[in-house]
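Labels A, B, C, D and E are assigned to the chains in the order they are written; within every chain, residues are numbered from 1.
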């Protein structure tokens, strides 16, 4: 039941640092390298087979976006490391998809790790995928396990010659990718809102063990979501403070906008956590309330019959001298007594608000 | 049941940044632009149809307050952006009414986002509306979805030629607007005080599921109110530290006064949260107490009849040799026994404090 | 039930800032202005009628302490503002007795707001009164709603010509007033200790709904007390850092002493809060324990009679062929059976620790 | 039940600052002043009667340790204040044994307040005693209420001519005293470990109201212990930062060692607090579990006899036409029915895990 | 039941600082000193008997790694202290295996204390062992109680002449050791994931006292694990800030990688703690749910037989005039009544969802 995302694969532990091994779930998606090269005037979009085909772009002024889908081909990562002079620990982190959301600043490049969320099939199935972004002077590399529809709006914008994107540098492309990733988190909120509404209704009408189990499931997902989004705050603050020449001062203003979005998401997660903890309290109260109701029913039901059964028992006694037994109207009188006992007790319970 | 305010509309996610789209609830209020131009000597108050009519005011020394009600006319926002050189991200934020309370400082203008609270019809119906404030050298723009009575006292002050407001700059007008917004929060406190008093009374006399549901409702509203007011602290600290030429040093002292008010509101919200959490504990105890009472009733009632029913059963047995059955006084004696059993048990329960 | 102190009177909201209006409970105490002027050699103590009588003291070197009791005479506050050049927001704060504990530093004067605690009549009745202190070069103004015995020890010290107070400046007088205010908080601790002791005893012997209601009352008072005392820490740290010429470096050491006292009070409040939260847990456990006891009684009582009643029922059956019915010793034997069933069950329950 | 240590004696409140009064429990131990004067070559250890006898030591280079036991002789404290030029507030603090753990730096001396813990007679009886330490260039004054075995190891070290202590200054002696005080806290941990082990065993086997009361007692002691030890962190950080000439740079490294010890103790206290809070949860669960067991017993017991009693009742009816009553084997058959009902219900409850 | 790791042996308390005594569990493992000397070209690996054999290495440029297993031979530690000029407090800390994870910077050497985790035999048996690391210019000393397989991968890397390790300084070796220690923590996560999964299943199907006891056990282990890992954050931040010449700037980048790992572990521990606290709530709810089920069974069972037993009692009465007794079809009719009462009550309970 532990979500895959809470696990930390220990496959690498014991290996020497710098050994490139892919750590994470292996997907059967085909591996591909797509290159998009653009500037104000031109836009090229093609698939390449080897990293070496990227080398000519190093001497141009245009921005080159390299999308690498599938991390099984360790050789490609290795080749990027060599041709673009990337630190071995960064390469290692790209391959390990259990990274924390983070931002690292190197002299010639920037390295981001983010988590892309998406909704899987089935009820309340949140999936996380890691995206690594390398930002160089004129290059942006994105590394993901599976191809994703995430980039479609960015590609549309690129197709438009007049867009700011076509006129800006690699930092603005990095911003657009990050903005796309963060905006996806907002879709989760619809999901949580919906689930929480359903549970609140259930709690006040017919709480069950399934409700309890759903509350715990949401709690779990919130724990993980918070772990994913809370480092964003610190990450974006680091970008704000960054003095890297790779950031244009005007682009930073855009990153501050993502910062605001992250804060809103983080605050929403906190609100959900509080709501969930309130719900647990309500669940406990509901169970106690139901117990009380059961008890009241038993009490009312027993209390009505207990005295009547006693009276019936009395006239079942075999004493020789029991004058009532002989009277002709005893039996109907007794029924009247029975009925009036029942009615007066019902009234009493009504008054006590037990009915 | 999720209040509208906890939702984050994801309508924009996927769109490129800088696209002006109105995000938020659409109200059917008519759209209007009101202009108030004033200085020590003159005061003009009129309605205009297009942003272009504002351009003459750019060359005067007087303060111009532009109130824009209704955000559907995206073109107006666009025109303001062009004529007053406002950053596209700010324009975008003005249109998106799901912003967080915030303050942004640009070279030529300041941008505030605040939430105006008001009480809707019906029980415990708190409504939040976003107000965006742009402060330029001689201009103040306020953007709201619906016209609101909030500004009435400010307009009254403007009518008075001797008021400090008429002699001060756009920063003082911004202060007066913000002060009006923050003061509205104090009215919520009367509401919370009243509701909490009602619930406390209910809790100790007749707690019910409705009480529980009300507690959860207040908890929800407090979560959202806190999310709205807690950024005020940081916002006002940023104003204090600000070195923008748009703030007169003497006006800042007034903003510090708002800071004190915000702290009082934030602390009050925290106090309510603690009280509410204490109430949940009391509710749980009350339910247990009521269960205990039900149990006591059942126990007392059963315990009195159980032994008597047994004795009646004994003398209902059909043994041939049961000497008591023949005795003449057996039956009345037995009634005496029954009554004394009942009385002594009642005494016993009285002593145990179960009655 | 909401203590007056949790309320925020919204009477002023909507008014323009700078309007002097008295906000707070109105007391019927007579209004008075007392002036104490002293230095090493002289001591004058008299009552005046108008603020203008203070003006001659502005040119002397001696320290003048002006005690203003009663805030209804708004004109006096106004006059002080004009003659001593006090900021309008400070005057406004003096009149609003719902201020937070705070310290503000102006060029020519210091402004403190503190809360004076006292015990009212009746059980557990804590009263808070606001004192505003204005410290100028040679003047100290104190503003309170009601006259209070708080200043008596200071007046005694002033009567002694050799006291350090007579030889020191207005900052030392401010220290003495503040020290007197903070020392009053210690008296609350005796009250809390006593109440908590009483409740702890009740909890372990006979917890009731009244105990629960007392726990909630203490919790409430602690919430408010904490709100009152916790800003003291920050206030005194601000004094420590202050570079105002109004503070003599040697007097600051005395303020650090008050800082230590505040920390002790704040820590005590935190300790009480933890104790109270532990008590709530104990209450809940006690209710459950009592429920368990009720249940045990019912179980023991029922379990003893249930099998015996069954046996009596068996011999009440009307079968023709029931040999036991004819036997002469059946009836006494059955009584022996009844008694031995009861005794063995009692033994069994004793062993199970249910008795 | 409130431990003496949670009380804040308000005896002094109202008195003018600087008045020397002994605040705290008064012990009947005799009052004494012991002087130990040492350097590399000499060691003198004697008892003196008046502070004036210390004056000759002021001109020597050797270190003089003055131990003052018993704080009733206010005159001695006063004399020290005059001869060694100690600030009146420090003298006041030495006499008030309700101080917080603290460190104050003056130009010519340092002032420490610490709490010495010891185990009193009886179960779980932790006692706190205040020690005040004044460190001057060549003097160390220690003030305690009662003589204590705490200093014995230090005296042994002093007896050894080659020890570092004999060659170091007054700061190293202060370190040794503080180290001895902090090391005593470790002994409390054995006590807590032992008590917690006992309670954990009880909780899982036979929780009772005594367990509950013990948990609350430990919680109380932890609250107070934390209040005592947590200021140590800040105190030792202040020593680290201190630029006082009284601290030799090499001695500071030793104080960092005490810092590590304090952190360990603070962390242990936090761990205990978490364990205790977990135990409270277990207690609540245990009570519920016991209730459940009682209920199961009643249910099983009643459920077996209820149908059998009904059947017996049926054959006790007096209808004329009840054919079973005439059959010869009815009665034994019925017993077979009774037994099989009982056995099948027992099986059923066994399967339901209620037995 | 208290894990050994929560205890703080107070054996040393009272001893003078600087006295070398081994504090901690004594293991019967043989004591050994292994020396590994390497540089780009040579690799020597041998066991020595006395510390003096290390002295020749002090004059070489190669890195010397000295592994000391077993801390009983206090003389060796003493010898290292003298020959390599180590501070007495460091030597003391090496021998006391109850240290906190820490990092200390001295002029000529660095001192690390870490905890190595491993899984003992038996269910959920986490073992902690202390490793002390001394890093000098060309020396690394590691001190452990028991030999451990931890270093095997490092030894393998050393065997490879081309590895970065062979070409780097003592700081890189320290990094590799620390990396190995931290990576071991990831293996604990598999253990916790597995246990938590098992408990979650149990909680929703058949919670028992054993589940409760396991939850408390995990809580305990998490408390201790957190105490062990949380100082890592601060430790690695201290390394980052360190300006010691012993750290090569390039090696620091590797330590930042360990920092990321530590954060992931700390966050995982926090997540587990939250999950565990949620489980406790679920357990409490489950117990209440089970109680409710027991109650429902009793209520349903009793309620069906109570009215029927009453009716049977009625017809067991001995009145002379009870016409039903004479009718021929009374008895079968009554059985029909019994059956229909039972069926309608069953339907009623079905509708109420009690069956």
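Here is the rule we go by: a contact is a pair of C-beta atoms (placed from the backbone, for glycine too) under 8 Å apart; a residue touches a chain by one contact, two chains touch by 3 or more.
Worth saying up front: this structure is predicted, and the values here are computed from it rather than measured.
Novice: Working from the CA atoms, figure out how many degrees chain C turns to land on chain E, in steps of 5.
Specialist: In short, 145 degrees.
Novice: Can you compute the centre-to-centre distance for chain B and chain D, using the mean CA position of each chain? Integer Å is fine.
Specialist: One centre to the other, that is 43 Å.
Novice: Let me have the rounded angstrom distance from the C-alpha centre of chain A over to the C-alpha centre of chain E, please.
Specialist: 26
Novice: Where does chain A touch two or more other chains at once, residue-wise?
Specialist: Each of 284, 288, 291, 295, 298, 302, 309, 313, 316-318, 322 in chain A touches at least two other chains.
Novice: Building nodes from the protein chains and edges from chain pairs that touch, which of line, ring, star, complete or other describes the result?
Specialist: ring
Novice: Enumerate the contact residues on chain D facing chain E in the complex.
Specialist: Those residues of chain D that touch chain E are 152-154, 156-157, 163-165, 176, 179-180, 183-184, 186-187, 189-190, 193, 196-197, 200-201, 204, 253-254, 256-257, 260, 263-265, 267-268, 271, 274-275, 278-279, 281-282, 284-285, 288-289, 291-292, 295-296, 298-299, 302-303, 306-307, 309-310, 313-314, 316-322, 353-354.
Novice: Which residues of chain B touch chain A once you look at their complex with the stated criterion?
Specialist: By the definition above, chain B touches chain A via 1-2, 6-10, 12-18, 87, 89, 98-100, 102, 104, 206, 209, 212-213, 216, 219-220, 223-224, 227, 280, 283-284, 287-288, 290-291, 294-295, 297-298, 301-302, 305, 308-309, 312-313, 315-318, 322, 324-331, 334.
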